[in-house]
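Next come two complexes built around chain A: one with chain B, the other with chain C.
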Partner chain A sequence: MFSIFMRWYEPILSIEINRKQTSSQNSNRIDKENDKKHEEKTRRESITGKELQISTFHTTEKKDKDTYLECLRIYKSHISIRSDSVIFITIALKYMKEFGVHKDLNVYKMLLDIFPKGTMIPRNMFQSMFMHYPKHQYCAVDILEQMENNGVIPDPEMESMLLNIFGRHGIPTEKYWKMMYWLPKFKNLNPWPVPKPIPDDVLELAKLAMIKISSVDVRSSITVYDTIEIENSIEETWIVSAIAPKQSELLIQHNKKIPIYVEGPFRIYVAIKAVDYFVLKTKPPICRKYPEYEPDAVDKIQNPYLSRKSKDIILPPSVHEQVDATIFAICATGTSSHDSLLSWIRFLQNENPVLAEIPIVFTLKTSSNEKLFIESNKPKLPSDALKNNNDNELLQG
Partner chain B sequence: MLIFGVTARRQLPFIKHYHQFRYLSSQVKAQTELLFDFKMKLPAPVEKKPKRDAFVKNLFVGIFDHEFLTYPEPQHPERYNEFQKWIEPIQNYIATVNPKEFEDKLNIPPHVIQRFRELDLFGLRIHEDYKGWNLLNAEFMQILEIVGTVPSLGFFFLKHSVPPINIFNNYATVEQKLRYLPKIAKGEAFATVAITENESGPAVNNLNTIAILSKDEGYWILDGEKTFVSNIHQSDIFLVFGHAIQGGTVEKRPETMATFIVDKNTEGVHIIEENIAMAGLKGFSTGRLILKNVKVPKNNMIGNVGDGAKCLVDHFSNSRHYNACLTIPILKNFLNTLTQDIINRKHFDKMLYETEAAQHIFSNITSTIYCIESVLYLTTSTMDIYDDQDLKLETALVEQFCLQECMQRLQECIWLVGPRFCIMTEPYEKMFRDALTIINYDTSLLDTKIYSSLMALQHVGIKFGDDIKKERNILMFPKYMFENIFFKRNSMNFPLNEYLHPSLQECASFCNRSLFKLQEVTKNFLIHEGTNVTQREIQLQRLSDMAALIYTYIAVLGRASRSYCIGNRNSENEIKICIILAYRLQKKVDELADEINDSEFGNGDHLGNQISKVNFDKKNYIVAHPLQRNY
Partner chain C sequence: MKLSSLKLLTNIGKRNIHISKCTSLFYEDPGKQGLRIKSDRELEWEKMSFLNKCSIELNLYKEGIKETIQNYIKDTIRGPQYFIYDHEVNVEWRFTGDKVELNNWIVSSDKDFNMGYSTAQLEYTPESKGIFHGFLDMKLPADGKQKNTGFCNLRTVARLDPFKNVVPYDWHAYNHLVLHLRGDGRIYTINLHMERTFDMCMYDIYQYFIWTRGGPYWQHVRIPFSKFFFTYKGRIQSLTTAMPRSEVKFISVTIADKIDGPFQLEIDYIGVEYDPTHIEECAYENYDY
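And then the complex of A and B:
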């Protein structure tokens, strides 16, 4: 019974040791409590090994998958130090993002592979009831949790690994099964699927963003213009424009005395990356008429096939005629500058000549390229290089 | 002079009394022949009876007009006999026409048209005053059926004789009629209508052809492009629909639709040489017409500015059943060819025709032809017997039923034919192509169905409007509610069997039940959906299917009963057909009624809508491959 208790506590004890940096006093105390001196010796060795590994993670200059795997390999090659695998894995998990392997299923599998096979499988009912090797189990759950947070779906091989390590009744195995129920479902839920890995090309991202916005109208089409094609264009860049036939119709019907506006930039996210876009819109009509709706008036059913009237029919507003604005077109440009938007309007004019007759007002907010913060004199930390999002920079300022 | 002739002719009293006609007509002929080239070869028809209430529309509200169970005889015996004699040479001639001759031609061969001229077939629906025959609708239908034995020829004949003549008859002035109709009747000129444009849909007003009044107000200047113009290469006169603009812009046009008579030789009329290639109906020409600055004299406008819309609506609503007529010769041809083919084929140890599978298909096709004939001639004869009878709904139902059934029967027959269907040298493939083209040439079947059921629902709405409003807000009308609970009057019994031969008693009760279902379902549907019925297009289709089945069955009952009573050849088989159909009708009507009653949430329609929406979002097949792995 005592031995069971000790085995249960073993990982917790090892953590204790880790925290106190293993003074000799502590080790003596453990010696007294625990008669297994030989075991204690190897544990001490393992702690020094662990420190070594942690410093490797932190100090190594080249932070990529190969180095990360090399760290794992070195750790694994010391059979003696494998008893503190929990600590090692906990730390290794933290460094994953830094090494850029946080979306790599194989690396997670190699991490999991550090756990010994077979020894932690409960052999009787009580072991199973009192949670065999809890720290190890929680550690494995942490691995799975991190996979889940990073959208990595485990594979059947991982199931067999977990079964070999924790058995059928282990918490990680159960966690795995739950994950395998939900994650594949979440994988395909996005109605605007993004290619994986997410493209770095801004033009591709802009196309995806425009597809996402313009999907409200299935007839909308997306065109990529190159400003070189237009004479006297000031800067060379691309423009991704989206317009639907219905929007062209609305432009034709638009009262030519009322100006239309180019507004922006607004922000839309494609997966985790932000794209700026602009909108060509106008104010909504002052008193918009809606079709009469009388569900009870069955004596006034209309038969459109027999109706001869072409006027006086009020159609319900289309999806482009919102309460706050009527939207004619949207675009994203390479530079998000005033000039590129001017070129955009000129491209739109080719297919919608009516634009030439309508006054267009540019009400742009500050271009997103301008920096809205005071740069500090401090040199940037290497970890800041990851935060290329403007939001983070704003927060710093 | 001719105008004088017309007015003089109209005042002659004898036309209304056919029994006096023979004697009098000879007298008149003697006097007038020298002056006017009148031909009155057939005895005058019976005088039309006053119009009755619309039959099928009333079925929806639970009123049954028993007059329609008596299968009509539009001609009196004398006219019938003469007419039968008269059509004999036509039958003989059509039997000699070789359908293969049409296969590689762009137009109807000139010698066929010449022979038609000699047989005087081009003025069948034109009034005698304009040198035509002014046949009854049923009579014309019979000739169309004969000519339709060669499908391309039949369709050419239909497109020549119906749409343009209808417009002339109903809307043109006497001068216009005198100018064009005699030429058309003699076969010296051909007319056709030009409506469809590349971007036009089923909405009447959606046309881009524009006519602008010239500055001196003597001409309309037409601009536009028309497609799907039937008989384009034969035609000399085009009836073009467009918007007549006297001022203002196109977008904000008031009621401007108008019809113009455009001569082929006018400057600016350009006919595209190439035909629109169609799957079937080789030899029947359909093409595109381009009008550029075409000057049309002001008096060549039919009716007034704004009349065009009514004209178009009439064009689409009143002549729908003519296409259906062409399905009869197609099915008959198919049946005859198949019979000859099957009779010598073996199937294991039996002959193929002895197997039950083949017998089933043959009985099906026979009963379908029987149904189509019954309902078609009931409708057209009703047109002839009653003056200005409202048959819009009936014609639409006839069209829908005939085209749909024809397609289904052909499909069944193809399964019987087997792989030989695919061989180009066999006639089946051509017949099928022709049938496909005829069925889909004019309107989409979906539109027809929705159109007809909406028309019926409008009628029900007007009739039961108050009741339905109360039912929809039942708690606001407690008195009505309690009356309904305690004195509900829902039993409806039409004593159909009293008007039929006793052998059809069972069938009559089947029909009775279906009628009750129809009325009940319609009322529930309206109570459930209110004015939203216009959006429930799937339900509308089901409703019109139900109505078409029931209307057809009533026609079949009337015809079978009449045949059996007067002892037509094989009339006992008509009774058998009636019994088969009664069972199937009952099944189908029950099924449709259940589907409507279950509403779109019970029968899965709303889920279907969602699937289709995703399809359009993705513009592709949406479901993953069955072997796709997700992890």
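And then the complex of A and C:
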């Protein structure tokens, strides 16, 4: 309430000062009345001007950064319509994503630059206690909020701008300080960093995805194949494959009677985009379970030093021997088709000739959107899914 | 005399009895501003007569006394737990394929509150591990109020004692939260909801993120409790304190990373662990006034 009163009070003060001046100079009064009429005229023009400015975002055919900045420039050139700045900025914020400038720090700065400098800084204690120019402050907070949502971290220049507009006690300035405390803390926490801007090329994304998955084993190497190199290849695409030395060792140790599977496509997200990948894997060995023993059964306590049955050393399973499957290799192809996967197996055969002796089963789905889980009402075994699949094919090398 | 006394009464009624609801500044509505969805059992309870309610409560009380005695006997036989071994994971929640376990989990998404179109379910995989999956939709409902949407949440049920009071998890001896999971490369949030006395603190949550690797490999995530930061209604607070480890009411996993598309998170177990090498209390600066 008090802040409203103060804002009423200010013009009254100024009018009183004017009266004192006018009483001494009566001749200037007529001129001032003319000025008032002129002001009203400009205000009327400004309303139409405001509508024009807002419609510029909607009507422009070319939607890019240059046209967006041009819209801001047109608005700034009309000094008389600065009073509509809050409305203009809220609308300009909504159009940012459409123009593709929502991740550009400079554009946010240009938006904030619309606010007048110096006039909105509280001049006494009461003004800063009760919010000074609340609509403008909330609008500036909205700008910062949108920056936060789009992962844009402000810079010290923005701080000086905010200090010039709202002063030390403004809410937007406080919000800026909080942002600068937290955002840099979380900026580099992602263990699988992605280049900025995020690449649009599918091959680059596939490489990133393979790096992400194969980060479990430091020794795994990623290679990009071109299907033209192989004779009789049907399709011309790329294949990004990842295999570790441990995995080729596991392939050699694998029982040649048990088939291995090419499964997929599965989905992995890299930054904000999804990539489909395929896995070369087999069922886990049955004997991996450790013998069951009851720790609470007092009558069956065994002395490990006396009652040792075998002298073999049991090695702990490697990373690739997961509980549900043993994984031999992973890949992503340009077309995600059956033929590209065939050529992937052929490429792997060059380095791992064992693959020629092991039967390989292709269990492919039409898309990665298919359900990978049991529905609550009708339980289903994974073996049933294999039987029903039409794409099954047995390959004997 | 009679008339004057009547007048007095009417005047008192006008002055001191308010028909409209009185609200104070710090009051938090237990119905969460109309967002709380009541279960069928709760709705049934509201319809019951007073006598019915009394009889049910009495029965519950009897059962409560029975259980407390049984628990007391069990505890005395077992004895107190003196030693907590280093790097030994104390599993609090594990998925084993038993369908009764699913009652301990609550799945919610913005569709439940008419705030969006995301969907989520919790089910079992063929390997009998829990899978939290669904579709995150960033489409805004056209109601003119909503600004942001897109969240799916999986949370546990609060632990109750025989008399149906909330018992917080006492983790003061541990300093790491351990999760064994397999994700799809997206970022999930792990939330520790606090059990506090006043309704003002109803939305006090300590949060951290899980960056899932994706792919066919399982992921072992260890998050120190010191890394959790304090949020209120999802807003990060500048004055953080070390997480009070003996006040955790329940735990939840949220996905709200603003990416349209299906998501899936397989969970094996969630537990706590003590690591003697980790001494840090709070990873963020504490400013004392």
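Basically, the second predicted complex is superposed on the first by the 296 of 397 C-alpha atoms of A that agree within 3 Å, B and C clash if a C-alpha of one lies under 4 Å from a C-alpha of the other, contacts with A are read in each partner's own complex, and residues count from 1 in each chain.
By definition in this document, a contact is a pair of C-beta atoms (placed from the backbone, for glycine too) under 8 Å apart; a residue touches a chain by one contact, two chains touch by 3 or more.
In this text the structure is predicted, and so the values were computed from the model without any measurement.
Of the two partner chains placed by the overlay, chain B and chain C both lie in contact with A:S215. Shared-chain residue A:F362: touches no atom of chain B or chain C.
Contacts of A:R267 after superposition on the shared chain: chain C is touched, whereas chain B is not.
Of the two partner chains, chain B is the only one touched by A:Q253; chain C is not.
More residues of chain A are in touch with C than with the other of chain B and chain C. In the superposition on chain A, contact of A:I330 is made with chain C only, not with chain B.
In the superposition on chain A, contact is made by A:N188 with chain B only, not with chain C. With both structures placed on the common chain, the touch criterion links A:K281 to chain C but leaves chain B unconnected. In the superposition on chain A, A:K178 makes contact with chain C only, while chain B stays out of contact range.
In the superposed pair of complexes, A:P295 makes contact with chain B only, with no contact to chain C. Comparing which residues of chain A touch chain B with which touch chain C, the overlap comprises 191, 215. Residues 149, 178, 181-182, 185-186, 189-192, 209, 212-213, 215-216, 266-270, 272, 274, 277, 279, 281, 319, 322-325, 327, 330, 369, 372-376, 380-382 of chain A are the ones touching chain C in the complex.
Residues 153-155, 180, 183-184, 187-188, 191, 215, 218, 252-253, 293-311 of chain A are the ones that touch chain B when the two sit in their complex. Across the complex, chain A is touched by residues 121, 123-127, 131, 133, 148, 184-187, 209, 211, 213-218, 236, 238, 258-259, 261-262, 264, 284 of chain C.
On the side of chain B, the complex with chain A involves touching residues 202-205, 251-255, 257, 309-310, 313, 316-317, 447, 450-451, 454-455, 457-458, 460-462, 464-465, 468-469, 472-473, 526, 529-534, 616-617, 619, 630-631.
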